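I have placed the structure first, in the form of structure tokens, so that the comments after it can refer back to it.
Letters A, B, C and D mark the chains in the order given here, with residues in each chain numbered from 1 onward.
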């Protein structure tokens, strides 16, 4: 139980002041305004709430350290309530009415696309700090989540070595799932393996009985499951309930980014192989310090997840760039970001790839163990090779596409 | 009864002109635009349910269909005039075909509700499963769950590079809503509209009078879908992205809730219900103290307990009590909806 | 002999194992007035529903002015110029008397003509004082009268009435009788009725239904005097 | 051969789970003609009740079969007294109210439990059929569904309360004319309906990833099943669940789970087009 009532109230109480009064404070004009759009209620709040907490934490740390360019950072936050139309709405509100200096936010790819063009048109720098399918090429946006190639390149060889050569892919039926499945396929074949089946599932499918039987018919050694969201969690439970866990290996590129592994019981989750930028179990000084300050702000640190840390690191990267640029000018900021900037975050070193505006970061191979992610191996400084193969913002600064990468 | 249509048009024009002038002084035009679009969507359901007695749980289907039709056509044509027309025609034809199937199959009442709901869910699931590269219409990738971004938005007819956006777009939407409202008013005053109300009241009687209720319901249903489709196209232009959530159960439920809150069976109720609730939702998103789902839930429950007739009828009643003028339309509508409930129970 | 306006041949209606109407042959001539009588469950209402298109008979045929209407729906039959009134007052409760009648008139006339026609019917049926009232607020007798107005406004040549006098006061019944006679000047009329008093006051010929079939068809006085008919009634009703 | 056994069991499971998720809605709709849009959230609360009870050390079967229905039934009772009671006979007002309640419950549960609550594992191990492993818990759900149908039948057919209930279903005014307070009948019905929803949520809890918004996934399916079943409560529930379960599972195996769901929906359209009053509007008329 990660967010009990007491800690929740504490958490919200800490942020309440800033949340209620954005418009009043903004009249002053001597603050730097950071806009935030996240789903902190409704179906995607498991992702959004910890991200919002990370945002508040990062901003209060920045402000305690004296702010940026001598000004305090003020958060203008909107709850999109898991409603796609509200992204468009608040995207406009942030840029036209609140006239914020930067926007951090968006969770699902659709929500990013709903506001990306608005940000571009209004010259508002936009940070999308979420693991996603890769391929966005736009000088106005910075993305620091891991992309499929970064994950699959690490996860597939490890999982195949541990289990065997025959792989079955079960993926969420949307952009992320489709693209990730292709990358998995590529890496399986590069490693001398064979993909014996690929199935896609709409995000509201929650009954996997027939799928589990089908997988057994194909008799793979390994199942890789980039499944997304609450309904898809049912797969992992039904897989365990059928007693499949000890027969066929299971790996995922998504399970756990929203702390899903804490919804599964220990016996259901144990042994699932994953690869991310962050794990709560990462035993580094940076992570321990981060967990401590999180606990100090919110009571305990169990709500932290991959996306929250990405968000935290995104804000810290932005702050570092503002300090380096020495002004709030958009082009100065972008130049600073492109200067090979890097920060040390809870998940390790993170640097900005000037060519793609994506991130070069550590990818950790992990196994789920007792509702935590045990780090097995760290692959340092992985390049976003998928996006790099299509996007070069140095050569084409006016590019404004989300590429679908041919493999 | 006759002759007051011109008065009706005048009132609509004056009131909408006043609102178009006054509201932007208080709320940003961008926000107003979406409120207007939702208002039009509410009106589309109010027309078929409130005045036609067609219980439709899937009105979002035509909203989504309009938006997708627009997006797909705009990508292929590279301009907006034909796509706007298609966005009205395609949902209307779709609804007409569905209506033929439903009404000629003698489906009524809650069974209609289920069919419309199911058809919407089928569309939702279909659009959701089109993420793969094989789902292409012309140059437009359907994009599955992530939807379709990046299509041509509204332009001056004949000049694809003259975009209508920002404040201008608000005025376009406002005028569109006023036009639709006048057309709906005219429709309801016409024989067709009065016969539709008769059918809502008592299908058997109307068919014993010699009216083919199947054909008339199909036409009305199709008109409702056309309006929803227009709202969908306007939405697509506003948000610049269309996603399958337009077809979702939640979207459909919200449309019904707007209409109930505003009051069925009067033309302005669904418009104000939609705009009001959507505005509350937008305002709520600015706080993160208490879960917004919870607040919305409490608002709705309190509302139904204390203003059971809907907002506009309640206001009208208050007006009547204060000024003592009996206005049949308003008081009657409240009662009718209740009666229908009783007939089912 | 006048033209035959309504005819059924071998009309049969089954519900599962129950035969509600059995092989009914029925003929009605222009401007004739006929009552259908019989105890409860005798099949007269089923017969009425089959003829008016509210139900489709299992077997047999229905003809109106020589045209077969067996499979037709109610609105198609009504469009021929047939006025129909069902058992319970079947009106538009939340609309006014005028609006009700106007809607019926509009089916056969232009809007302006319909206005005139509605006004005329309202005056003829002495409904002027309540023309603006909603039907839901009216007394039972008034609602029945309005429904007759709905039937009359289309200038029908055939009128089918199911229990028009049910639950009405003596005064209302008297008025109803007048209206029916008035209608009968131009239309053939079939009335399904229980109330013998009313039948005697209005009809000459009656058809007696029993157990789904036609038991007897003759002048009302002869029928009333018939021992079989009396047995059927007394046997069933005792 | 093994595969066909597996398919057969999965079909039985699909039918059983449809019966489970629709029963609560069927009772409330059948008796009161109230479309309870908070039905899914009652199920969700049944799941959370079970998890909480198990964490407090209660035996998992006791938690699922007794505590969850009881608690959710009581919540239903409170809701009925405070809100629904005022809205009887007003179909669309109750829709508005129950939609509001569903949002309210999602919010409350989120505030209490957060959105990452550890679930419970299935209490029954996996099961081997030839070369296949299947979910042993499926059998439990099938058994519970059968028991539920028998129980419903026994109550409606064999008890005085059942008799009153059947009377009320056919003629809402009849119970009143026999001297029973409709108020109390409705109260009892809503309690039973909520308890059944709670039971369904509890029994399915070990198989789904439970989050506060889980309920939304059930309401449409349950509603479609209930309406397609038609006026007879038990016969309708069983017949439409059977039709839909077989069709959706067959398509799930033959094509994909998404096609399974689409097939279910298409079947619903075809079914209602052919039988506009639902399955039992035409067959099993007048049966329970």
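One rule holds in what follows: contacts are C-beta pairs under 8 Å (C-beta built on N, C-alpha and C of every residue); 3 or more make two chains touch, one makes a residue touch a chain.
From a predicted model like this one, the values you see are computed outputs, not experimental measurements.
A.B. asks: What chains, if any, are shared contacts of chain A and chain D?
C.D. replies: Expected: B.
A.B. asks: Report the chain whose CA-based centre is farthest from the CA-based centre of chain B.
C.D. replies: Between chain B and the rest, the longest centre separation is with C.
A.B. asks: Using Cα averages as centroids, what's the distance between chain A and chain B in whole Å?
C.D. replies: Taking the mean C-alpha position of each chain, the two centres sit 36 Å apart.
A.B. asks: Report, in whole Å, the distance between the mean C-alpha point of chain C and the mean C-alpha point of chain D.
C.D. replies: 47
A.B. asks: State, to the nearest whole Å, the distance from the C-alpha centre of chain A to the C-alpha centre of chain C.
C.D. replies: It comes to 74 Å between the two C-alpha centres.
A.B. asks: Measure off the straight-line distance from the CA centroid of chain B to the CA centroid of chain D, and report it in whole Å.
C.D. replies: Their C-alpha centroids are separated by 31 Å.
A.B. asks: Taking each residue of chain B in turn, which ones touch at least two of the other chains?
C.D. replies: Expected reply: 125, 129, 250, 290-293.
A.B. asks: Considering chain A alone, which of its residues make contact with at least two other chains?
C.D. replies: Those would be 41-42, 45, 173, 200, 202, 204.
A.B. asks: Two or more other chains in contact with one residue: find those residues in chain C.
C.D. replies: none
A.B. asks: Which word fits the touch map of the chains here: line, ring, star, complete or other?
C.D. replies: Looks like something else, not a line, ring, star or complete graph.
A.B. asks: Which pairs of chains touch each other?
C.D. replies: Contacting pairs: A-B, A-D, B-C, B-D.
A.B. asks: For a test of understanding, state which residues of chain A touch chain B in their complex under the given definition.
C.D. replies: Residues 12, 15-16, 19-20, 22, 40-42, 45, 52, 77-81, 83-86, 88-90, 92-93, 96-97, 108-110, 113-114, 116-118, 173-175, 177-178, 200, 202-204, 402, 404.
A.B. asks: Can you list the chain A residues touching chain D in their complex?
C.D. replies: 1-5, 8, 41-43, 45-46, 49, 82, 173, 199-202, 204-214, 216-217, 230-234, 236-238, 240-244, 247, 258-260, 262-265, 267-268, 303, 371
A.B. asks: Using the touch definition up top, name the residues of chain C that touch chain B in the complex.
C.D. replies: So the residues of chain C in touch with chain B come to 52, 54, 73-76, 78-79, 84-86, 90-95, 99, 102-104, 106-108, 111, 115, 134, 150, 154.
A.B. asks: Under the definition above, what is the set of chain D residues touching chain B in their complex?
C.D. replies: Within the complex, chain D touches chain B at residues 32-33, 35, 37, 83, 86-97, 99-108, 110-111, 172, 216, 219-220, 223-224, 227-228, 258, 261-262, 265-266, 268-269, 272-273, 276-278.
A.B. asks: Going by the contact rule set out above, which residues of chain D touch chain A in the complex?
C.D. replies: Its residues touching chain A are 3, 6-7, 10, 13-14, 17, 107, 110-122, 124-128, 131-138, 206-211, 213-214, 216-217, 249, 252-253, 256-258, 260-261.
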